[in-house]
Structure formats: C-alpha cells, structure tokens
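Next come two complexes, and both contain subunit A; in the first it sits with subunit B, in the second with subunit C.
On to the complex of A and B.
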C-alpha cells in the first residue's frame, strides 16, 4: 500500500522517486490527533491512488489543455506544507519528523524525505537548531548502511545515503552549527566508522573550533533588539577607542500631539572619545565642520548606518608641528634627537605616501537621517564642545549609502546647507 | 582530475598553451550554455599594428630583463634585497595601478552580484564596491551563489613568460584597508607543479572593523590554510612563498546588500616577533 507516496513533494527528482512506504489506515485511526490533521485532505491522495497518474491535471484548466498532459512531474502533497498551514515552528517540524519515523519500520523514501526537510528548514526557522539536525539524522535506519566485509568497505557503500548524510552536515556547516557527540554516535550507528559522513563530521570538528574566535571584532549571534543598544554596540565597534564614551542624546519615543497625530521622536546616540574632543578643541572656527553620512556598517546580516562629524584636512601651509610634551611619559622618551642614520635592516616602515584625510570628531547613529535630527546631535555635542557654537556646520547628507571619504567641497554634488552654530544653540 | 586521453577526444576541451607544452584544460562552463566550438585560430587577432606593438613591448621587456641582472636580482641591489624588512607590493595611487587587478563576481555563473573597482574620490586609494546578491541562478545545478572577487593579475615577463612574486624573506602580509564590517577572505595562489593542483589556494580571513578609521592588518603567512575549489583540504601544507602567482580578496558572507572596501596599500613585512611556521597540524589526517 503506497498511499503516502503522494504525501511527499521532493523537488530534486533526478532519480525516479522511490515509493514512499504507505501509511496504513490502521495507524491512521490510532495515530495522534495532529496526524489526522496532516492527512485530513486524504481524499485527494485517495483519488491519485486509484490510477497511477504521472501528470497532474488541473480541473480548472480548459478542455484542450486537459487533453495534452502537463509536462511537469506530479506535485506530491507535502507533509511539511500541510504542517506549515498550522504554524511554522520547531514543534511542528519535529512533529513531522516523528510522523515519518513512526510510520514505517523500514523508513522507505527517507533520503527524499531528508532532502525535502533540509530544504524546508529555513522556512520553519530551525536551520540553526542542533537538536533538529540530530533528529533528522535519526530518520536514517540504523546499521543497514554499515559495510560488513572488505569488498563493501573498498567500494562506496550505499552512496546515495552517504551523500544525503554529508548533505545534512554541509547544511549544518553553512549555518554554523557545531555537531555534538550525539551526532557522532548517530553517524557511527548509521554509516560506520570510516564512512564519508564521519569524515565530514571529523573535518567540521577539526576546523570549526579552530576558527571560532579568530574574528577580532566579534558580533554576537543574537544582536540586541533595542535600537539604542544596537547603536551603542556598533558605535563602540567603529570608534576603535576604549576611552570613547557613548551619549544618548535622545531616546526613541512616540507621542500624540494635540491634533491626535502620532509623533515619533528618533533616537540619537553619539560617541566621542577624549582624544577627539581634544582635537576638536583645537579646531579653527573659521573652517567649517562637516556632518557626513550615512555610511553603512554590517553586523553579520544586518546593516546599520552612522554619521560622522569631521573636518577637511588642513592645507600644508597651515599645519603646525606641536612639540611632544616630555612629561607625557616618564619611562622612555617619546622623541629622540639622535643624529644616527637607521640601517635598512631596522627600517620597519612602509614606503608609501600617507593618505591625507581630515580628522574625525564624533560619530552618531540615528534612525532618521534628516537635517533636523542631526542638528539636534550637534547642539547636544555643544555642551561638551563649546567650539562647535562658533563653527559653521555643513551637512553633506547622501540619500543612499556611500564610501567614507574626505574630499574637497567643490566637487560635492550633495545637499549643502550652512547653518551657523550660533543659531542652532538657541 | 580527468583522464588526459579522454579529454583530448572531448569536444568541450580547449587547448591551453602553457610553459610545459600544449595541455588540455577544461574550464568552467555554465549549465545550459552550448560548448564553445570555435577553433583556436579564429580567436587569434592577426592585426598588424598590434603585432608591431607586441614586438616592441616584448623586446623592450627582454632588454630590461637582460640589463637589470647587472644591478641585482629583479633589478634591485643585493643589499636592499637582503636587508629590507618591508616591501610595498601594490599601492593604489593612480589609474595604472588598477590595471594590475581583475574583478569578477558570480555573474560568470549566472548570479546577480556586481563588483566594481575604481579610485576613490581623492585619487589616492582603491575603492572596491558593488552589490552582493545570493540569489541562486535557476539552472538546476548550482546550489549556492553570491561571491565577489578582486584578484591580481599574473606577473608576466618578456614574451608572456610567467614570473612570480618572491616573498620568501618575509613572513607577514600587511594591508591597510577600510571596510564596512564585512568579513573578507584573502586568497594566495602559488605556482604548482602538477596540473591538478591548479585550483589550489591558500586562504585566510580578513575581518574589517567598519567605521571611518583606517585599519592596519597583519596576517602571518603561517596562518594560511590550503583549499581547493573552495573546500579546505585534509592534508595541509605551509605556504611556500618563493613563487606567488596571485593575491585575491573574496567576499562571500551571504548577506545581501551593498558593500565597499577601500585599499590603501598591500605589502609584505618581516615580523620578527612571529616565529610560528605553520598554524595547523601537518600529520596525515584520516588514516
């Protein structure tokens, strides 16, 4: 009885679909309640049962199109799609796996079932769940695919099943799931000790822990949900200075004004380090400062945007060499005026021209990048940096993301708006 | 790997002229695209002025190669080669420096990622930008998609003889970059002896911080691991630095959206604090 051969829709039908073992009516009546729900549209599978149709016919099609058969393979009723009608979560997914596992002791058609399940995993949101992967491996019948003699061991024993097992592990690899001992035990029970899936498992266990902490700028797997926390995290990351201090200039809030309209206040989170404050204090008020942005920052799959307060680089004639304060460090001199020429073997510098760029004074993140919001940020910065009160501020805001770049003002096509800082202070 | 005998009979095979003689190499062919059966002589450009230019260029190079030996290896004095601790290999200061690089993306296999390389606005650094798209092409065979690559061109001497970078005096790769937080991968391809090793590459990760500041990255060569066709190999081998063919950057972090990476310069240096020879086990795995 092969009633449920129409239950499974497998898209990779390069090989003729094996007959998926039948779900007996007995087990149907005695099965759990949810099982009835999956199989509630039983009548359509029954209809397919009588004949063995290879081509699907849609009754809504016109007469002549019914005469010539559709060229696509039959679309099998999908256990997962029916489960998805209910809700797409881990519980339904594992229930589908249970239903398949308890249906037939021979687990016929399990390779097709596993491929279909692997494809459906992101839809159900279980693609990073190790327990589900182990459960999926548990679908394989145990001890059948282990080679028993040297000839079987010499050749590729049950290649399709081994390939399928490797595919499960590859999907784990792609989603960054590290297998555990249970996975290993299952694989050994299913495929034996020197099979291809075990090799893949060993490779994963060798390379994954090795590269687990190589990222010097780690991003947590779950990013903070609160936008202010996310902004705080991102700003600390790009500031590259442990002394930098985050200031929340405005918390996000939504309020009804007197007309009854919803007014949302965007959040403004800024960061400034003491060094930046020091450099900004030496800025000459006759030269403008620029608010530039938005620039993208990627945290794994999420993209956030930040804005930068900066100035143009000083022209070479205005540069002043400041002597290093000798009391800055008591342990060794920061400057040595020795008249020795350095040997080439001691020269550790790279022979490249320095890229001339203006200093960065502060950075901020906000969820609305219009000028009013950023002007609020500048006025907030004025409390600690009074020089901004007498410096013209130019807003160079792009509509879209762009590269971080300091350049001359003349060839800048974006909106430029000079606001006198004194006005903003009011 | 393929059988040479069969490959000769196969119509898809193209003939590749290498320094070892004529050997067939089967290149990647997109699924669904008919094989390119044009005979090789139809691909040769018999333009006269181009030939004259080629002769001028190659004999000029030959002359340069002959006379720079009197100066020292690669036309540089021996003292400099023996004592130098740092060397700038690529810097991006003008348009000509971009000619030494090739960009490619998964568009070659039907994907939709885009990548471009140009000088950034102050004409001092290279800007690599584009858009990443992980949509898999619907050809029925491709399973994953979404990569963007920048790769340096093979060094060629007179008469297009392959020459190589020799970095055996150094142990660290130095990069000055500014990215947008995306992780990249550095690829180094070395000269190999056997044909079936042509896809071998040594890779390591390049993490960018993001933000407005430049980043000095030092990657020791001992950390590079051997891969072939995008798979880490079981038998690892340290990178031999005497014959480096190409260096590349690859982005494939599965995040759809725009990206950019600014590169100021790429160099090699000798980090005397780094003594590690190879970061991975070299014993035979999976006996």
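On to the complex of A and C.
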C-alpha cells in the first residue's frame, strides 16, 4: 500500500517529464526503461524493509549467508562457463538449467544457481526471453515455501527464496519482459498466493501494460540492418512530415579503380517534403544556404548522424507579406474588409515568445561526412530545386563521427568553405 | 396541326407582353426598355437579416406571374412533360451512359437548349421564373437536366450576361437551336475553386489579332461534344502602374478553331448519361473579338456565371421529390404488411410528411428567388440563390433516400428507378460550388455587409465608450422587460395571414436574435471570423432556415388570401416547418453564444487534428491487449 502510494507520487512527478521528453525528442526511446529502473529502486526499499527482521534475528548467520552465495556463485558460474565453451545461446543456457534441475531432486543450492544464472543471462543473449525466465523460476522446488499456518504467513516465510524470486522478476522488469500467466502459476506454486514475489508480479502487471505505449514515437525492437534502410527510417523519423519523400542519391558500393585501389562510395540518402521545396524555391539566391552537421540521432542504442540544409531567417526589414489576391477564390472572399480584429476576450492563444529560426530545406544521411559527399547531395537536390544552382552553399561541418573513430581528427574542428553552386553543378 | 398553329399564335401574342421584361432581366444594356424603377443593383433580402431586420417589401407578397405568362408556360410545359414521359428512357440512358441522338433532337425541337436566350436570337426568352418551372420537368432525368444546365446555365451564360452584341448575334442563334452545344471550362487538374492554380494560358500573337490558348481542363460537362466553350485562361495584363501581371480572361472558343481535343467520357456514379470529359487546348487560335468582357476581367465573369446558375436547383429538386411522392404513395397505399397497409404505419407516414414538407419549402424558396431575380434593376440575388441550392440539394438527397427506404429492398434494386435517383441526386451537393463553399459564401457575404455597418458601434465599444455600453444595456433591459419583438410581419399592417401569425412571430424572433448574435460574433471575432468555419456554417444554416421560413410564410399567405386549392394543407406544412426550423435555429443560436455548453467545436477540431496528423483512424482496435 505504502509502495503504491509512493509510486503514485513519483508517477505524477516523473510522467510529465517523460512525456515532454518524448515529445520534444523523438529519438527518446527508453521511456519505459527509465521508469522500470525507477520502479525497481522502489522495490529495493521495500525488500530491504521486509528482510530486515531476518537479519536482525541472527546477524552472524546473515553475514554468513551474504558471503556464502558469492562462493557458490563462483562454482555455478563455472557451470555456465563450461557451457559457454560450446556456444553462448539460448539452447546451451536452457540446457544448463535442465542439467541443474535433473541433477538433484532436492535442488540443493538452487538460490545460488539462480543468482548465477541471472548474472549470466545477458551473456547468453537470453535476457529478454520470457521462456527462459519461466524456466528459471521452475528451478525452485514447488509447494515447499508456501506458508501453511497463520504464523508463517505473518512472518517472512523463507525470505531468501522469496527474495530470489523477486530478483528474477526484477531482472525481467529491467529488461522490459512482461510476465505471463505461466509465470504467475509458477509463482503461486512456489510461494503461495500472498507472497512477496506474487506481490511484485502484481505490481508489474499493474504498471507494465499501462506504460507499454507511453512513448508516442516508438522505435522498433529490431532496427533495419541495411544502412540505407536505417537512414530512410531515421530521416522519416526526424522529418515528421508524411508528405516528405526520401531520395537515395547514391547507393553504397565499393569498386576497384584503374590503379587497383579499393574505392568505397558512401551512401547518400536525403529527405525533402513538398513544403520544404516550396519554401526553398522562394529563397533569395543572394543569401547563402548552409550545410550543417553532423547531428546525432539516437535510436535505442544506435546512434546515427544526419546533416541539414538550412538558411538563416530573413531579417525583419526584408520580409514581405504577400497580400491576399482578391481574385483568387471564385466562390467566397478570402479576406473580410473589416478594420477590427479579434476581441481580447476571445483570443485564446497563449502569449508565447517565439524565437525565429531559419528554415530547414532538406536533410540527409551519409556514412562519410566529408564535403565532397555532401556536395554530391546538394547537386542531387538541384535536380528538383534549381534555385540551388545559383545560391552560394556554405559547408559548416563539425568533425564527423567516422573521423573520430578512425583517429584522423582534422586540426580544424570546423571547416568552412564557400562553394559557388555553379561550380558544384559541374 | 391546327391546334399547334393556334397555340403558336397565342404564344407569340403572350410573348409580346413580357418580352421586354424577360430581356431586362438578362441584358443589362437593354434595361432602359422598361423605363421605370432604375434602382442600383442591391442585394435585397438576405443582407438585412444580418442586421436583425426583415425587408418585407422584398419577400412579401409572394411573386406572381401574369395570366398571359401562366398560359404561356402552361403551353410550354405540356409538350415537354409529354416528351419526357413518352420519349425519354431514363433507364437506358443510365445504362448506356449516353443520351440517344433521337432524344437530343427532340429536346432541341422543344427549344430547351435556348430557354433563357432572348427571342431575337432565336431562344424562348423566358424569365427566371419560367426557367425554374421548366426545370421541374427536365429534372425527370438527371442526365438530361445536367446536359441542359451545362449548356445554358453556365456554358453560354458568359455570352448572355457579359458578351457584346456582336458575340451574341454570332453565337446565340446556333446555341439556342441546339445546333451548337456549349460547355463551361474552368476546372483544371490542380484547381477547383482556386483561381491561383489555373495553368491554362493565352498569349497574344504578335499582330495582336488573336490569342494562342494552351492548357487542359478536366470534368467538363458536355466536354466531349460541345462546339462552343467558355474558357478561362491566364493572360498577361499591364496594370495601371505599368507592372505586368497574370490575370484571368474569359474566351469564347469554337471547336472549329482547331487544337481542341476531348478526352474519353468519365465514368461516374450518377448522371451517367451526361457527358463529362477532359478538354485540351493546344495552340488554339482565339481571335481577340472572342474575349468575353475585357482582357483580365475573367474572374468577375466566372463569378457572375457561377452565381447566376444556381437558383433553378430548388425547383428541379422539388419536381423530383413530387414525383417520388406519387410513386411511393402508390406503393404505400397498396402494399400490405401484417394485414395493414404500409401507409398506416407511423414511421412510413413520417417519411411522407418529410418529403412533402421539403418539396414545399424548396419550391417556395426557388420561386421566391426566381421572382426576386425577375424584378427590374438586376437585383443581386446570389446569396438567396446559394441558399436555395444548399437547402434543396441536401433536401433532395435526404428525400430520395427516404423514398428508397419506403420501398425497402425493392428500392435497392435496379428494376426500380429509386437507386438511379439516389445516384443522380448525389451530385447536387457537389457541383456548382460545393455546399461547404456556398455556406462560406452565404455567411461571409452577409457578415461583410453587417460588419461594415456595425463597424462604428463595435469600434466605440472596443474603445470602452461608456455611452455605447449604456445604450446597449438600456436596449437589453427594454427587450427583457417588454419581450416583444415586432418586425411588422403580422399585426395591423402585417403581410402574413393571421392563421400564420404564430409562425411569423417565430420567424421574427429568430431574425431578431440572429441579428444580435451576428453583432456579438463580429465584436468577438472581428475580421478573423473568416477562420471560424464552424461558426460561419451555423450562421449560414440559420440564415438558410430563416429564408426558408420567410418563403413558406409568404407563399402560404398568398395561397390563403387568393384562395388557392388546398391552401389549408399549405398552412399546415408552413406552420410545421416553421415550428421545426424555429427550434433548430434557436439551438444553433445558443451554440453560437460564448462558452456555450452546447458547442463542441473545440473538441471536434481536436479530434480531426489528431486524425489528420497521423492520417489514419487513431484508436487501438477494441480487441487489442497490452498483456
């Protein structure tokens, strides 16, 4: 009860933050995870509270019990490492579990074994596999830990085992694995209906589904492998315009040139919407456009980089408001000839100070952020935006990510170069 | 033979009487023929409503035609009706998606291709009222009605209202006889109502003798076989400061000029027998004499043509519904279910009442408007015509659907004409300006008028002028204390028959509060009201219903006064309609109040925005799960 209330409080604090972050930054993908982490910390407090009396009763034993698992963990670690020699996958992992289960009917040392297994799960790549978690729970002997009378029920019955069960659920939570009915049945069989693991299970089932869709811009679990597809996906994600069209200006390829050297052609994938094209067509050629980047975009654990083509906002004195053409609509006037405006009492807009930014005309992604590649992008854009042919293009590039990786950081962190569009076209 | 000759003679005599009148309506240049009442073109009735007043003189008494005209129209209507009953096979026209040549020539012989063309050019020279009367008959077949309307309501209307004498004498005779068919070419692939996206271009040749026209037009009614096109294209115009501008110009283009090609006929949901196709112009040479109006003045021409062509939809829809009532009443009177005739069931009776009421209202509105338009001095009835169009197209769609419902499954079968009527009537809500666009026109035209008149008062109020506030407060107090709204429709010098007094009071109350509401809305929104489309829609709806109430009251009053047959039925219909419209109007007016709980516009907009943002239905499936 306490914990739920606590959760509720924090939920009200945390959620708006998450939502705002989610809306502002579309690359945020770990909304639920952050929350899980938080939830787990809550559970820790509760668990400590529960187990305290046990430790207090026999401090020496508790110390022993704290040390002991470490030792045994090592021995069970070995079990997994031996299996790992073969190959680290789901099959070997579940084989180890089977071996342990069938070795001893009493399942001696199963708590230590489970702790060891939990630790090894990411290594075997099964940390998000519900079947394995259920199998792991199945290691517990059934019905032994269920309290049988009110005294047992009142006190913490088999605290170590219960805590271990909670720990399994906790790890599931951290990896965003939703328990299923089988988990519940197992937990009831092992610990009984009102045990701590069952409570933990209930809390999980309460919150998990509610936050499943908390991120309005979800990133798929599996990102596309092909870099061009990934770029396409990422660009659509940033553009946030359903009319925007992705153009692949250059496919990745590697070829041998006349000297026999390997020449790699980077991919160039760009995106532009009809609205952007329209705004660009109205750009004044005497003002430069800028190619800027790279900017990072996080998709779960993957980071990709993109470049933008933009311009500075027009200074206020150069802005011209186009008057509404009175001969535009055959059917009704587009503007009323009245000289009074909306009443203040009906102006429901908020008073917002807006910082004007320059328009972004197009975006692209490439695996090599050098000027030549980006110049190819611009010349590709020229086909649909002829105005770029007579507009000076300024490249303002930070040292790209690839350059950092290959340790060829240029001495100038910012390369600025003015290129006449006409020249580029050739 | 003998009878025909006699009828021809009487017709000619009758025409002598009203020829001048018919001409003044159509031809501005000949207006002086009438010789009296040269008032300035003014929009009569609708605009006053926005100020909370009723211009009695415009709508009362209900317009009449002379006995000669009545006789004349009777003689015209009879053969047309006979022709439509006997020689037009609507089912075949619909199935084969074409009007047979024999039917076409029959229509031409009847003179239906030149109903409003003056007699001196070989047309029938009929007034708007009589045009509306013929529309009732031609609506028996949707395809023919649309073909005729595309020819004369829009196709040749440009020549008729804005053409010079030379153009008229050159083109109108052949158009009137139906030897040449006209089409109206405005819509382009990228442009519906937006003049800015018209891409067709006409360039003046070097010798300045002709324009070279290039461009494509889509969805042109009669486009496949028309010989004369009214085409709108961009031309370069030098304005007063010497700046070159692109402006729209109207041209008369003959197919014979060359370079005119038509696409294949479009396959449509309804009015399948009418021809709709693309028309392409490729380097078509159009002589400069063929410009309608002046170069660069095409926008006004287009607007006038569109505004003048709409009023007849009211009588056409009413004619259609009247026939549907006959057909379905026959069925309801013979078919038995559970030992009872269909007509004895309340739910079926309701449908008949709805249809009769709708037809009655449409008819009243249509002939009131036509009568107003026939008055000398070219009154601007475009708002009234738009109201007739909106009301009658929506009423027609609803009534056809109800008629089909009376027949149940039978109505759905192709063996019966109901499904064809349903398909045909759907276009009424779309063409000649969609109802949405016309609602904007109706509301904005009135708002513009009222806004200018009320500007002084509103500006004083915004300044916080106490005396203005006091004045308003005093007025409000007076209204709430005396609670008597009298706009003079009933009472000692009233124009409405006493048996309709209650309805007249309701109308007056609606008009009065409508005026107040418009006043308030102008104060609240100012010129930004143009962006409040949901508000404008309600304004238009209230106005349409006010106009409808006025029309039925005027008509029913006249019927009682002169003792028309079955006028008690008219009174019943009028009172029922007014009572219903009154409640609907009150509801809309309440919705227009500030912070009204009945108004859900904000939520409606939000729903739409969320859907359009994602371009899909947003909700999860009801069977979806999260665990």
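What we mean here is this: the second predicted complex is superposed on the first by the 308 of 426 C-alpha atoms of A that agree within 3 Å, B and C clash if a C-alpha of one lies under 4 Å from a C-alpha of the other, contacts with A are read in each partner's own complex, and residues count from 1 in each chain.
Rule of thumb we're sticking to: a residue touches a chain if its C-beta (ideal position, glycine included) is under 8 Å from a C-beta of that chain, and two chains touch if they have at least 3 such contacts.
This one's a predicted model, so the numbers in the text were calculated from it and none came from an experiment.
Of the two partner chains placed around the shared chain by superposition, subunit B is the only one that A:202 touches, whereas subunit C remains out of contact.
In the superposition on chain A, A:360 contacts subunit B only, with no contact to subunit C. In the superposition on chain A, contact of A:345 is made with both subunit B and subunit C. Judged by the touch definition given at the top, the superposed model places A:178 against subunit C, while subunit B stays out of reach. In the superposition on chain A, A:212 contacts subunit C only, with no contact to subunit B.
In the superposed model, A:336 makes contact with subunit C only, not with subunit B. In the superposition on chain A, A:325 makes contact with subunit C only, not with subunit B. Contacts of A:99 after superposition: neither subunit B nor subunit C is touched.
In the superposition on chain A, A:228 makes contact with neither subunit B nor subunit C. Common to the subunit B and subunit C interfaces on subunit A are residues 210, 343, 345-346. Across the complex, subunit C meets subunit A through its residues 186, 193-196, 247-248, 299, 302-303, 306, 433, 437-438, 440-441, 444-445, 447-448, 451-452, 455, 458-459, 462, 522-530, 594, 615, 626-627. If you check the complex, the residues on subunit B that touch subunit A are 79-80, 83-86, 88, 91, 93, 120-122, 124-125, 127, 129, 144, 174, 176, 178, 180-183, 205, 207-214, 232, 234, 253-255, 257-260, 262, 264-265, 267, 269, 280, 285-286. The part of subunit A that touches subunit B in the complex is made up of residues 174, 199, 202-203, 206-207, 210-211, 214-217, 234, 237-240, 295-301, 303, 306, 308, 310, 343-353, 355-357, 360, 363, 401, 403-407, 411.
Residue ranges of subunit A in contact with subunit C, taken from their complex: 178, 180, 205, 208-210, 212-213, 242, 325, 327-343, 345-346.
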